[in-house]
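Each structure below appears as structure tokens.
Each of the next two complexes has chain A plus one more chain, namely chain B in the first and chain C in the second.
Right after this comes the complex of A and B.
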């Protein structure tokens, strides 16, 4: 290892300042206030472990924690499974020219605010909404979709899909085409090649795409509230509930720190798994 | 139309008027040849000549646009690569980086539903044969170029096919390792007695290993024959130039007495000893080659009749040297002689020399 030059340190400076000001310092502050005390709706600096004890011994917290984890996992699996065939087709079956257009089209959802898109989905999912109206013409329904877990998942998957497809496409683009032909040549049929050669070859990118879906879904506030109804709450809804009731910012900080800890663990595990090599 | 040597035994592969087009581009233009059982056949040519496309059609990775391909007597047009027994070794080797060495070798056995125990046994046998058993549990990325080569061969041969296709497998290796792997491949092919079809742009690889060589250029087969046949009797100007001969003369056949011909060229009249193959009559245009080793060289003022040319430069090739010359008309000529033979000759750039040769040193290009 050579020591980084003054020049490269200068280049890293803006990022360093940004991360310090908007990530490291707030995080440290968050850790600090999780030990503060609230008295008469006033926060006071303290070293009070009561907030941690109070939250971590509550069933409500663990219920919300499990709910968030399950929803995020379901959204991750669903998004990855829905995205993969599309990403595969884009990467392997389209010409370079068409591929560029499809990637452009995939970026379009990011033009509209997530909240606006979720309001639009309410119109689709509500009891008298567009989907139920269409099903009604076929003589089925209506199905209650708004304010259900299904509604939450629809929102989360909609949020994650474009990003996950893009990440999957980019990782599939890097799969060595010779490997695919070699597999065929060694008697591996088309479908089997997808699972025994293409997926393992693109593993790093596919895992990172899934990780993004998990991170976005686990911390999502909008879909669980506006499409899932917000009750029973997920962790992010729990945080707003706690802050609203009696200025309990310290307890909300505990919930937030538990979420950050969970995401760090999941991300670390996912990346370790993604880069794990076979053999000695 | 090609000068064909009959295959040494019964054919395992037969190409019948095979054409391959990609849109407007014709990659292979009417390939007609057979590959014998147990033969080592090299397909040689520069990049874009259609050699790899031909190999890929044998592997079932491309389908011919026209014509028929027969493998072991059966027509295989349209048959997918996974339904053929034509394993291939890729230029990039295409080893699976997410599998260990042993798992790579087991791959095609697994695809055929061979039991785990048998799979392990057969894979280990091949790893042993290729002298890489000690690396069985390693990741492919930790092996050297030569070791990876051996894994690729073991992976392709583990099913004991009748034919192995190789697409420039040695091009990534350094010169020393290349020669060593050539010996490995040659011995392997002799031991197994199976057919090797070997695509390369390297004349030294093709000529040192192959029983027969197919020379291709711009989708067309220029010549098929043993390395000796091609070397001593190139069929046309392309093959002669591809093999590095520079001394090609073209003229009009003015007199025939038996196989001793008189050819009138821009440089004067030359006596040419024609072999049995070329069919030409007086008045026809004839091209002939004089190999660089058979050219005689002397100082310009010795009075021996011959061709005058000026020295352009000299290149050392081990025990001999190649002298590059140019005629007044700008034609390039090459003479290869030992250093001793050249010692008494002034080889300064621009100095005039006299070139001459025996009629027996000439080879008439039958395809010109």
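Right after this comes the complex of A and C.
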């Protein structure tokens, strides 16, 4: 290999240095401070397992952990199930022109403030809000939707749905149309074609889409806080509480590391599952 | 699709797309409508038309300060992220080297880390090196989160480039720097501008990390978070609608640039 030229280094290094210094190092620093101690509101470098012990022996932490995991799983399943028929229709049933438009429309939400959307959802879901008022005109309700698990899930699905539909469309676009045609010619029923031809050949993309939904929902603190009521807390609320209410950053770091560990495990499992026996 | 077309099922599927779009856009359109409504707690039937909430934010010096911070941070972040992203995209396009996967992972992973964790890590680290609580801390954090987007956009444009173009320039005696200046930058210019606009839009709306690392230098989204925690105030809708309009303007500009550039190519 030749020595890298000044030119190539000038282009490659700034990004590398920036991401090392301000992305990799802060994440590694998180591991370090999880062993530090806090004295007189000051963090002291230390090698103390007290923070880990304190967090991991607390029932509150494990309750929050279970709650976050269940909420994220529910949101992942819900989002994937709602998204799939839409993605299928966009990929298979729309003309090229309409498809382009729908995709553009689905990109717009990424550039709207998530907070503002959640605030608007509060207005929709509250006891005297838009939905209950509309239901009231029909003589039904009112239903308590704000500060419930239902509220949290609505928020999470709003957050994940556009991304999941787009990723699913993207993977469905790569499904070989001849395979679908062949299945049809062999008198394979419509649903069976979807589940034994289309879903298996788009599996990688579908699993990756679900994985993103899980990552987004697991880390989201806005929906559980402002639509779910925030009490009892999820892991991300726990982090914001611990960080914002005092100097107990080492304990928050423990919670954050447990979250990263969980996400890495889930991501690894999902990717292994997505690619296993792919040649079959 | 041939043969296998059932009008009823196709209709139902298209209806499902429409329902999803309505579900996704209800809160976005809702906040527009609520921002122009006189009620503090909007419900059906809606109150009368009013620009009261816009007047309130117009007269609020804190909102102005937040707005200026947001724009300043957004502009600087856009330039930094685009420069870093350009370098990364070109490196990925042109070179193969040992550890390239690690390089790419480092460059592209930040958006997959939950924002609370990024926020905490940034806060802990930046306060250790005495950079927290300033606009600089937000710029640093947003630079990390936005450069992957810039890199992806520019990389996509580079993949449309005819690889012979570079070789031709070298054959004509242009060194690498001259080629970069006269061939590659002009070719990727639309993507560079698109990256500038999109990273600015991402920075405009990001609140969680900014909230963690900023002290008093609050950006507008952090301000919204403050409003949400305090009293219910439809001012959020007014700010949100304005922020949305500016973001969407940036996106449409970016989209137009990318559209035109693909047309030029074909």
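FYI, the second predicted complex is superposed on the first by the 258 of 280 C-alpha atoms of A that agree within 3 Å, B and C clash if a C-alpha of one lies under 4 Å from a C-alpha of the other, contacts with A are read in each partner's own complex, and residues count from 1 in each chain.
Following the convention adopted for this analysis, a contact is a pair of C-beta atoms (placed from the backbone, for glycine too) under 8 Å apart; a residue touches a chain by one contact, two chains touch by 3 or more.
It should be emphasised that the depicted structure is a prediction, and the values quoted were computed from it without experimental measurement.
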| item | value |
| --- | --- |
| Which of chain B and chain C A:115 touches, first, second, both or neither | second |
| Contacts of A:97 with chain B and chain C, given as first, second, both or neither | neither |
| Touched partner set for A:85, first chain B, second chain C, both or neither | second |
| Touching partner for A:3 - first (chain B), second (chain C), both, neither | neither |
| Contacts of A:181 with chain B and chain C, given as first, second, both or neither | both |
| Touched partner set for A:203, first chain B, second chain C, both or neither | first |
| Touch count on chain A, higher of chain B and chain C | C |
| Contacts of A:192 with chain B and chain C, given as first, second, both or neither | first |
| Intersection of chain A interface sets (partners chain B, chain C) | 181, 184 |
| Chain A residues touching chain C - in the complex, by the definition given at the top | 1, 4-5, 7-8, 10-16, 18-20, 22-27, 29-30, 33, 82-83, 85-86, 88-90, 92-94, 102, 104-109, 111-121, 123-124, 126, 128-130, 133-134, 137, 157-158, 161-162, 165, 180-181, 184, 190, 193, 212, 215-216, 218-222, 226, 236, 239-240, 243, 249, 252-253, 256, 259-260, 263 |
| Chain C - residues contacting chain A, complex | 1-4, 6, 9-10, 13-14, 16-17, 20-21, 23-28, 30-31, 34, 41-44, 80, 83-88, 90-91, 94-95, 97-98, 103, 106-107, 109-110, 112-126, 128, 140-141, 143-144, 147, 151, 176-177, 180, 201-202, 205, 207-208, 212, 221, 224-225, 228, 236-237, 239-241, 243-244, 247-248, 250-251, 255 |
| Residues of chain A that touch chain B when the two form their complex | 176, 178-179, 181-189, 192, 197, 200-201, 203, 277-280 |
| Chain B - residues contacting chain A, complex | 59-61, 80-82, 86-88, 90, 92, 94, 96-101, 103, 107-108, 111-112, 137-142, 155-156 |
